[in-house]
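Each chain carries a letter (A, B, C, D, E and F) given by its place in the written order, and its residues are counted from 1.
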């Protein structure tokens, strides 16, 4: 009567990446994508949600707190991703956490209004996820939430509550944060983001002569055998591409 | 009338590890397992408790504060460990410190309810340990306790009280914590976890080219002769395997 | 009906630089120029605004908080830039954030008066930008704003409000800040400037023997493919010149 | 009438060590033994007191704040040291600073009761030292005292008072503490332990390949000529053994 | 009608130095001289003021907050500089910021009396500068001002006010401060001194074997083309001498 | 009528040292001796005062805050220095800052009584200096003063007041303090000790293989030409001996 062990996998939509994690993220997992400024965290996260809709017909939600929805849409067109199309089809929703919070009029459908209240913020995400029956979620980024709180250190509580609703919603989620000093073990800005995530992926640079080479390192991925190795990746015309057999050096 | 000196040993259930510590942990010892994100602390700790039941018929308790009980169970199936079976037999209990704390309904038998009150939390663990006559205990993890306290720095008092009840219960226990910068001597997040433990094991990585190699280092083990050496280990299909004669380089 | 993807580019006016970012900054983008003392941030920023007027007939505004307007004008003459001429033509405005704030009489047309109140400060910039129909804006520098606040840490709120008005005004803007330790990932003084900017450019030095060589590194530029490489640059008689094919070593 | 200069020496009981310090510790000196977790501080300290009784017939007192008296006794049997025997003979007393403080019943003769009040704590030690006419004292450890204070930073005052009573009692004493970063000069946790000690001994590790080699370094020893050299040592079946002519490398 | 661009230069009086900065400091500029203890900041600053009187007939003021006026005079005689002579001629004034502040009777003409009140302090300097018609000013040092404030962090406001009066007075000024860690970008003690200065000169040491070689580095000099290079310098019998073509190595 | 320039020199009494500083300390100077634990600061300071009496017939005062007077006397006998003899002759006074402060009865003539009140403390030193007509003074150490203050950070004010009375007394003085990280420019514990001293001498160690070699570095010495070089020194049977032509390596 004991059923055989099988982890349900969610294809990441990141070219070359699923090979590194036994075929995809464990379903329902929260994954932290961390790294310094310009390391490609937003692209990685959007690609995960967008490809979910495009290739696997899984609705998704993007919570954007660093860029306005309209900027994000335009930016992603560079990779040939037509977010608007799927928004019209009701398969993808962007929650604009910039426009309204900063007091600008917004023509967005999903907008965080007024002051950022942690409870309302999380409840709103919950409702939109349910509305589009989302299977995938991106929250970009945790520091951007924290800056908008009255006291930055209250982020601790928000993260614990976020943890709760992520578990409730059952989505596979990517959260982005900042890694202040990965080489010395500091892989998250608030030192606790990794505790609410079942996977941690570091996007970072290595300096080779005067060039900074991008690499990806899977620091943690529950229920998944993975190599602890720095894999080269690039941001191409078609988004993030990881080279599992490449060499960073 | 003076009895000959003999330390009673508790087999760790970690393949290759007991050879490093004269056959096992000293019975009744509290051992701190420390290391960065993704270093294998949870697996190490669960393996200790699970193998205790499976191979040595010693009941055990797992207090999980980072992952829900159901996720932990599923994850451990990857190593062929059927936790549920022993739960049904009453030999292993998981205290779910995530579900209820985050306000989710839980079908778990042992659940930490409502807000995390340090005294209640510790008393509850005590009761469950007594209920299953546990000989082994895992608390995963200390930072997860701290994050849930109103003030993170109150963890100091909780650890002192935890120390008390660990001594009272007489179990052999593993506590996990985070090592922010092991190479420079910082082996615990709150700088005092090592003071309530009679053993300290570091699980960490070493970078070789672009690969991170896992190693295990026994920093302290009272009543035990052990080498101060970085031993390679892997997380295999059957859990943690240490290579006492292997080379990390 | 789907229009082809095209990012409108704003020529930087920095010789050799536009080649690195697909022809110019994405229009309407806020770019953070960061680096240590003496790295050329002010020159870079003024050149962007000045060349906008001179070569592309785009009006601009310079908010100077480190130097008095008169000093800045004189200093820029060394590069052959006649700021006053364009001021007279109403195409370029300097907001003097030093003279009046420090209590000196000023003959400037645009002067920040009395105590630096964050709301008034931002509103004033807004009005001047609108008055000259500016397309380009420089604010030099963020730490200089922060020092003038009653509590330096209130800069957090000012930056969030600044973010709002930058989005409203629609200008392409350069903000300067200080990078305390770029080699270890600290690229902004307050750790959040990069979050309100869609581009981040680092101007820094590398030591070669006893000489410090200037280099430029694009850490982030949304909607733009760029190399992650340290490009040499110099401050010549004609301002900043970047050498896209040069070698720093 | 001027008597010739002679420092009275107290044999350490540490094999190989007295050769390094002109035959022993200056009588009545307080010596700080510092180092990271697992460096052998407790063993060093207990050996000093135990050998004092066994080999030199000098009564001694051990204040144990990290381990219960019963654990310490059992642990020391591994070195063939029968502490209980000398306790029965009234020549050695262990003050149990763990059992009662943590609220456990204790069958110990000398127990610190209830909350740790700095004055009572020090007075109790004084009384026991006088009761057994102790010539040697070990307090293991200073951080363990500090953790039990209401505010950890009050340790400053406790150390000054401890200084007083150590001078009054006239014993030769070892205090243990933690060295957070010896290679960069931080040799004590609270930055002032070394000021109340006339000798400072560092027990630490050096990494050689993947092995951590133990070494001992005498940082300060008043009234004593000593080498400033890292001497290898081991923890053998008979306790700490220092190799004055050995090489760590 | 547009006058040709020309920066008026103020000869530094530092042998070999003016060649590095197009003939001298831009007139009216505030220059920060920073470096560690013993790096020659005071000598550099005094030489600038003294040589101004001696060689260029420009009156000057020295505000000495680290040394008493009498000590400074005596010390400078070692370089053959007869400060008193020019004081008698009314061309050079020393404001003694030590004697009176510390409560000692002073026979000095210009003395800061009683408690150091920031406003009075700055007003007094202003008056003396006007009285001697000073063209050059040295304030040695900023940390010495800060230590005398009730709260050291109030130095922020004092520096902003100082900025104001320096602009008003129109003198060419040198301020000295401390560089805690120049190699990692920390070039000023309070992290904002460089923001009120249009030039920044670092005096520092480089270790060669067991010898510390002095070097000078111009980090910033507005309106001036300068090399970013570490130039060797010495403190000779005739004061600071820079070697523009020398090698530190 | 202008007298020729001549700095009056005070022989240090440290063998080999005066050659490095043009024959001795400038008379009336305050010199900071800094370094880590065990670097020889106390010996250096006592030697300066003792040799002053013995060889140059200059009375002196030693303020000892780390060791009791009796311990210091005994310790110094190892170098053949008979402090008591000169005390009896009224040429040398030790102010015991340990015994009474810690509440112990003291048979010392000069004792700091009761709580350490900064004003009384300084006034007492003043009186003893005047009583023995001291020309030399040692205060060992500044951190020991700070630990005894109610708030350690009040040391700032005490140091400013100390500065005053040192100037008043006209003695040549040595103050000792702690250098937490000399290699990175941190040469004093409170970051301001060097500002009240006209000379700064660093005593430190360099590691050569497993041996720590002592070296002395003069960081600052006003009115004195000196090399910026690490000179080897030893603590011999006759006290500190510096080797001006020796090599540390």
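Worth a mention:
Methods note: contacts are C-beta pairs under 8 Å (C-beta built on N, C-alpha and C of every residue); 3 or more make two chains touch, one makes a residue touch a chain.
These numbers come from a predicted model, not from an experiment.
The chains touching chain E as well as chain F do not exist; no chain touches both.
Inter-chain centre distance (chain A to chain F, centres taken as mean C-alpha positions): 60 Å.
Between the Cα centres of chain A and chain D there is a gap of 52 Å. Mean C-alpha positions place chain D and chain F at a centre distance of 30 Å. Looking at chain A, no residue sits in touch with two or more other chains. Chain contacts here close into one cycle, and each chain has exactly two touching partners. Here the chains make one closed ring, and walking it from chain A through chain C gives A, C, E, F, D, B. Chain E makes touch with chain C in their complex at residues 2, 5, 7, 156, 160-161, 163-164, 167-168, 184-187, 192, 194-195, 198, 200, 215, 217-223, 225, 227-231, 247-249. On the chain D side of its complex with chain B, the touching residues are 36-38, 66-68, 71, 74-75, 77-78, 80, 82, 85, 98-99, 102-104, 141, 143-144, 147-148, 152, 179-182, 205, 209-214, 235, 237.
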